[in-house]
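Each of the next two complexes has subunit A plus one more chain, namely subunit B in the first and subunit C in the second.
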Partner chain A sequence: MNSEQLPVISQSPIAGRPHKNTGWRLFLQTVIARAYPRVVGQQGEKSWMFFDVLLPLGGVIAYVCVYKAIGAPEDYVGFVVMGGAMTAFWMNVLWSMSSQLYWEKEQGNLALYIMAPNSMMAILLGMALGGMVATTLRALVITIIGSLMFQVQYVVSSYLQLFAVFILAMTALYGMGMMFASMFLLLSREAWHLSNLAQEPVYLVSGFYFPIRNFPFWIAAASSIIPLTLGLDAMRQLAFASGPTLGFISVGIEIGVLAVLCVVFLTAAHFLLAYMEKLAIREGRLTESRR
Partner chain B sequence: MDFAIQTEKLSRIYKIRGGKKSEPKSLAALSDINLEVHRGELFGLLGPNGAGKTTLIKVLTTLLAPTSGQAWVAGYDVAKDPEKVRPRINMVSGGESSGYGLLTVRENLWMFSQFYGIPSGEANRRIKQLLEIVGLADRLNTKSSDLSTGLRQKMNIVRGFLTDPEVLFLDEPTLGLDVGASREVRRFIRQWIDENRARTLLLTTHYMVEAEELCDRVAIVNQGKVLACDTPASLKRRLQQDVLFRLETSPLNGVGAEIFQSLPGVRKVTHRPQDGFAVLELILEEDSILSSVVNAMTTANICIINLQKREPTLEDVFVDLVGRSMEEVESSEQ
Partner chain C sequence: MTTLALQNPKSRLRNFVVAAWLGWQIESNWTDPFLFAVYSVVKPISAAAILVVMYSIITQGNFDSPVFPYIYLGNTFYMYVGAIMTGISWTIIDDREHYKTLKYMYIAPISVPVYLIGRGVAKFIVGSISVTITILFGVFFLHVRIDPLAVNWPMFVLALVVGVLMLAMMGLMLAGVTLLTAHHYGAYGEAVAGALYLFSGAIFPLEVLPAYLRPVGYIMPTTYWLELIRRSLVGSVAQAFPTLSGLSDMQILGILVGLTVAFGILSIVVFRWCEYRARERGLIDRVTNY
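Let's look at the complex of A and B:
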C-alpha cells in the first residue's frame, strides 16, 4: 500500500494529523460552528423570556390600548402584533450582531477567528444565522401570544410571497448587521453606545407599531434603507384584509427593493470586513485593549 | 532552507496615542530580529515583561503586520501569504478566555476544530483523546465557565494541539498555573514535540526553569532585541570561564552593590534585599577575586551569613547580557 505516504503516527497517544476540509466545506463548517453557540447559548439563558418576549409584548399592549381608545381601524391591532414580533429581530441585530465583533475582540476570540484558515465572512454568517434561528423562536412566541390575546384576524393573500418577503427582509437585515459588525470592529466601547442610540428612533421610523404610509413619502422612503421597514410593510399587505389599502408601495416593488438591499448589504459587509481586517492587523488592534 | 520559522530584520513599531495634547509616541517593540527555528525544534523566547515576546508571536501568527523586515512560517511569508500560513499554525496564550462560557469543554473545542475544517466525528474523537492525555476527560461536559484557571488553561492548550499544526505557538503556556499543573503541561508539550519531528513549537516564557528544562534552543530577548540564541547548555557555557557565588549577608544598609561591581575581576553583581538579610549574586572572573570582595565587605561592616559556589543558570546568562536580573528589569518598568 503506497497510498499511505504519511509517517505512521496514528498509534501515538497524541493523535496524529487529522483530515482537514477546505473550500466550501470549510466555509459551511465554520458557519454552522459559529451559529451553534448562538442557538444553544441563547436558549440556555433563562432571562430571555423576560427581555426578548415580555418587553416587546409590553410595547404591543400599550399601542393596542391606544389604538382601541382612539378607535383606529381593527387591523391596526394585527399590525402592532406583527411589528412587536419583528422588533425581536431588530434588537437581535443591534445587540448581538453589530457590537459583537467588539466583544469577541475583548474576549480574545477575534484573533483566533482571524488566525484560523476560515473566512471571516463565514464567521459573520454563522453569527447571523444562529441569531436568526434563536430569534425566530422569540418572534413566534410574541406572535402567538399577541394574536390570541387580541384575537387578530389574518387574511393571507399569498403564502409564497409572504414567505419570500420574510426571507428577503431577514437576509437584508442580517446583511446590514454584518456590515455594521465590520464597521464596529475597530470601535471600542462606542460600539455599545451607538447601538443604544439606534434602538429607539428605528422603532419609530421603521413603523414597528404603525404603517409607514402615515409618514410623508420621503421620510418613509428614507427609512426603507432599514430592511425591516419595507419587509414589515409588505408582510402587512400580504397578511391582513385591509393591508393593501394601508400599504406604502406595491408589494412587487418592495420585494425588488429588498432584493437589492440584500445584495448591497452583503457585498458591503464583505468588502468592509476585508478592509477592516487589514487595517486592524496593520494597527495592531485585533486583540483586547487591556494589554 | 528548511526552517519552520525564519525572520529577517523584523521590526514592529507601535504608535501610542496618548492624550489629546501629547504628541503620538512610537515604541519599537521589535527591532531587527533575526531568528531561525528548525523544523522539529522546541524553541523558547525568554525575556522580561515588555520584551516583545507576544508582539513577535502576533507577527508570526499573521495577526500583526511587521513595520519592516520579513518573517516566514512553514515556508510562507506571514505578511504576503497569510492564507497559506494559517492552515498550518495554531496559537494558545496563557490565561486566555477564548470560547464561550455557556458551551461545554467539548463544544468549545469542537467549535474551534470546525474553523480548521476537521470533520465533526474526527474532531470529537480527537477531543476525547487529548482530554484524556491532559487529565480532563471527566470534564468533557462541564461548562467551560465552571473550570478552574488550571483546567481552563489545559482546555486552551488542547485547542492548540487539536488541529495538529505544523508550527504551534504558545505564549506563556504555564502563566498562572500551580507547580503541579505547570509540570504536567510542560511534560505534555515535550511529548508532543518528541513524537513527531515534523512538528515545531515556539513558546515564550519568563520562567528561567521553563526555558532551561523544556526548550531545545532559547533566544534571550530584551527591549525588542535578541541578545543571544543557543541551546541552554551552550548559553551557560559562555559563563564557564566565570565563577558564580551566591552570598547571603547582613543587610547592606545603604552601601550600594556598585562598590563591589567596581572591584577588578568582578563581572557582575546583583543585589536582592530580603527580610532581614541580603542576597548577592556574584559573577567573577576567577575564584581568587572572591577574597577582595570579602575584604570590601569586612571594611563596610557587612557580615557573610552564607556563601555558596554554584553552576551558572540562564538567569546568570541574562544578567551577564543585560547587566541586571530579569526581576530588576521588570520592576524598573513600572
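Let's look at the complex of A and C:
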C-alpha cells in the first residue's frame, strides 16, 4: 500500500512538512481510504471471490431446480437468477456494513476510528461504496453464470429505468446498511446472531425468488421498507417479458418510493450515528469485548 | 496421565458431556430466552416458507400432491446438515480464531474428536428445535399431511439416529480439513453443505440434474437418509419422484448404514491425517484475524 493508493496525508511542497487535509478534502480521503480495502484488499485472497460467487450460485441452482421440478414458466428461472445475484448485496450489507463496527470493535480498530480526526459518516460511506463496487462485480458474475447455465431470456423494456432503479435501490440499501451499522455499534456477540437472523426472513418478504405480487397487498407494502423489495420487483418488470404482469406496483411509483427511501435512510444514518457514538462513548462500550 | 485419561471411557463420557454443556452455553447465552426463541423459530420457518410460496405460486396451491411433502420434509430435515456437520467444523474456527482456546484443548487431557462431537450436541439440540417447529408449522398451517398413527416410528427413529451419526462423522472430516485452512471463515463448511443440498435430492429429485452429475447424489448418504426420513413420515412420498422408488425401505436403510460406516472410517482417517499435518505445520494456534 503506497501513498498514491492511499493518499490520506499528502506531502506539501515544503519538504518534511506533511499537509493535513481538513473539511471536505479529509472527508473524501477518508471515504477513499475506507473503500480501498473493500475493492482491492479483498482480492488479496483469491479463494474468497470463488466462495462469494459459488455459495449464492448454489442457492440459485437449487431454487431453479425446484422450479424446473414443479414445471414453472421459464421467466421464473430468470427471477431466481436475478434474486440470487441480489442476495450478494444483502449479505454484504448485513455482514460487511451492519455488523462491521462490531468486528472493528473486536479487533480494536473502532477506538482508532473514533479518535482519528475524520468523520465516522465518511468511514461508513467508504465501506458502502467499496462494498457496493466489489459486490456488484460478484453479482455480475453470478448473473452471467446463472444466465448462461439456464439460458435466461431477458427482454429489457428500458435500460435507462433499469439503471435508475439499480442505482436508487443500491443507494437506499447501503443507506440502510449505514443506519444499521450505527445501531449495531452497541452490540457485541448478538450482532453475529442478529445478522444471521436477518437472512432468510428478508429473502422471503422481499421476494428474492418469486414476485412479491403473490403476497397480500399490505404485506408486500410493508416489506417495501427494504429497498431490495421494490428494486427487485422493478428490475424484473423491466427485464422480463412477463415481468409487468407479475409486478407489484408500477415501475414509476417504485422509482419514486426508492428515491424517498434513499433520503430517509441516509438522513437517519447521519443522525443515528451521531447519537449512538455519543451513547457508546458515555457507556464505555467502544472497546468492550464480550465473547 | 494423559494417556490413561484418554483411554478411560468414563473420562471420554465426561469430556463429551462437558463439551455438550459448553456448546449449549455458547449457542444460547448470547441473549435472553425470548429473543433466542424468536431466533429459533423465525429463521427456519422463513426458509421453509420461501419454498412453500414458490410451490404454491406454480401449482396453484396443490398441497395434496406427494411432491409437496417431498420438498417440505427434505428441506426441513436438511437443517440437521447445517446444524451438525457444518456446526462441528465451525467449532474449529470458533475455538481457534474467536475464543483462542483450541490450543488449550490440545494440551488438556481430553480427546479432541470427542470434544468436537460433544460441541455438536448443542447444534443438534438447536437444530432439533428448528426441525420440530418447522414440521409443526407445516402440519398446522401449510397442509403437510403427517398422520401420527401412520408414521413408521421405529424406522423414523432408526433413520434419525443413523443420520445424526453420519452427519457428526462428516462434520469431523470437515473439522479436520478446517484445521489446515485459514482465511476461509466457514466457507468450506457452507460449500460442502450447499453441494449436499444440490446433490442429495433434498428439495428436488436427482432427475432434474444433468445425467453426468446424478452419480454424485447416489454416493451421498444424505440422499438415502432424507428419502428414508420422508418415507417413514409420509409413506406416499415415495411416489413423488422416480429416483429411489425402485428400492424398498430396508434396501435404502442398508445402503444408508453401509455408506455411514464407510464415511465414518474415512472421516477418522482424514481427521487424524489433517490433525497430524496441522500439528506439524504449527496451525493449531494460528490466528488469522478472521
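By our rule, the second predicted complex is superposed on the first by the 266 of 291 C-alpha atoms of A that agree within 3 Å, B and C clash if a C-alpha of one lies under 4 Å from a C-alpha of the other, contacts with A are read in each partner's own complex, and residues count from 1 in each chain.
Note that contacts are C-beta pairs under 8 Å (C-beta built on N, C-alpha and C of every residue); 3 or more make two chains touch, one makes a residue touch a chain.
Bear in mind that the values here come from a model prediction, so they are computed numbers and not experimental data.
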Subunit B versus subunit C on the shared subunit A, clash or fit? fit
Touching A:167, do we find subunit B (first), subunit C (second), both, or neither? neither
Should A:20 be classified as contacting the first partner (subunit B), the second (subunit C), both, or neither? first
Just subunit B (first), just subunit C (second), both, or neither: which does A:200 touch? second
In the superposed arrangement, which partner chain does A:282 touch: subunit B (first), subunit C (second), both, or neither? first
Geometry of the superposed three-chain model: angle at subunit A (Cα centres of subunit B and subunit C, steps of 10 degrees): 90
Figure out whether A:113 sits in contact with subunit B (first) or subunit C (second), or with both, or with neither. first
Would you sort A:263 into first (subunit B), second (subunit C), both or neither based on which partner it touches? neither
Which holds for A:76: it touches subunit B only (first), subunit C only (second), both, or neither? second
For the combined overlay, can you note the least CA distance between subunit B and subunit C, rounded to whole Å? 7
Give me the intersection of subunit A's contacts with subunit B and its contacts with subunit C, in residue numbers. 45, 107, 291
Can you check the complex and tell me which residues of subunit A touch subunit C? 45, 47-48, 51, 54-55, 58-59, 61-63, 65-72, 76, 107, 189-190, 193, 196-197, 199-201, 203-204, 208-211, 214, 291
Quick check on the complex: what are the subunit A residues that touch subunit B? 7, 9, 12-22, 25-26, 29-30, 32-34, 36-37, 40-41, 44-45, 107-109, 111-118, 123, 281-284, 286-287, 291
In the complex, go through subunit B and note every residue touching subunit A. 12, 14-15, 54, 58, 61-65, 83, 86-87, 89-91, 93, 96-100, 102-103, 107, 110-112, 114-120, 122-123, 125-126, 129-130, 133, 161, 163-164, 188, 191-192, 195-196, 198
Per the contact definition, I'd like the list of subunit C residues that touch subunit A in the complex. 30-31, 35, 39, 42-44, 46-47, 49-51, 53-59, 67, 71, 98-99, 183-184, 187, 190-191, 194-195, 197-198, 202-205, 208-209, 241, 289
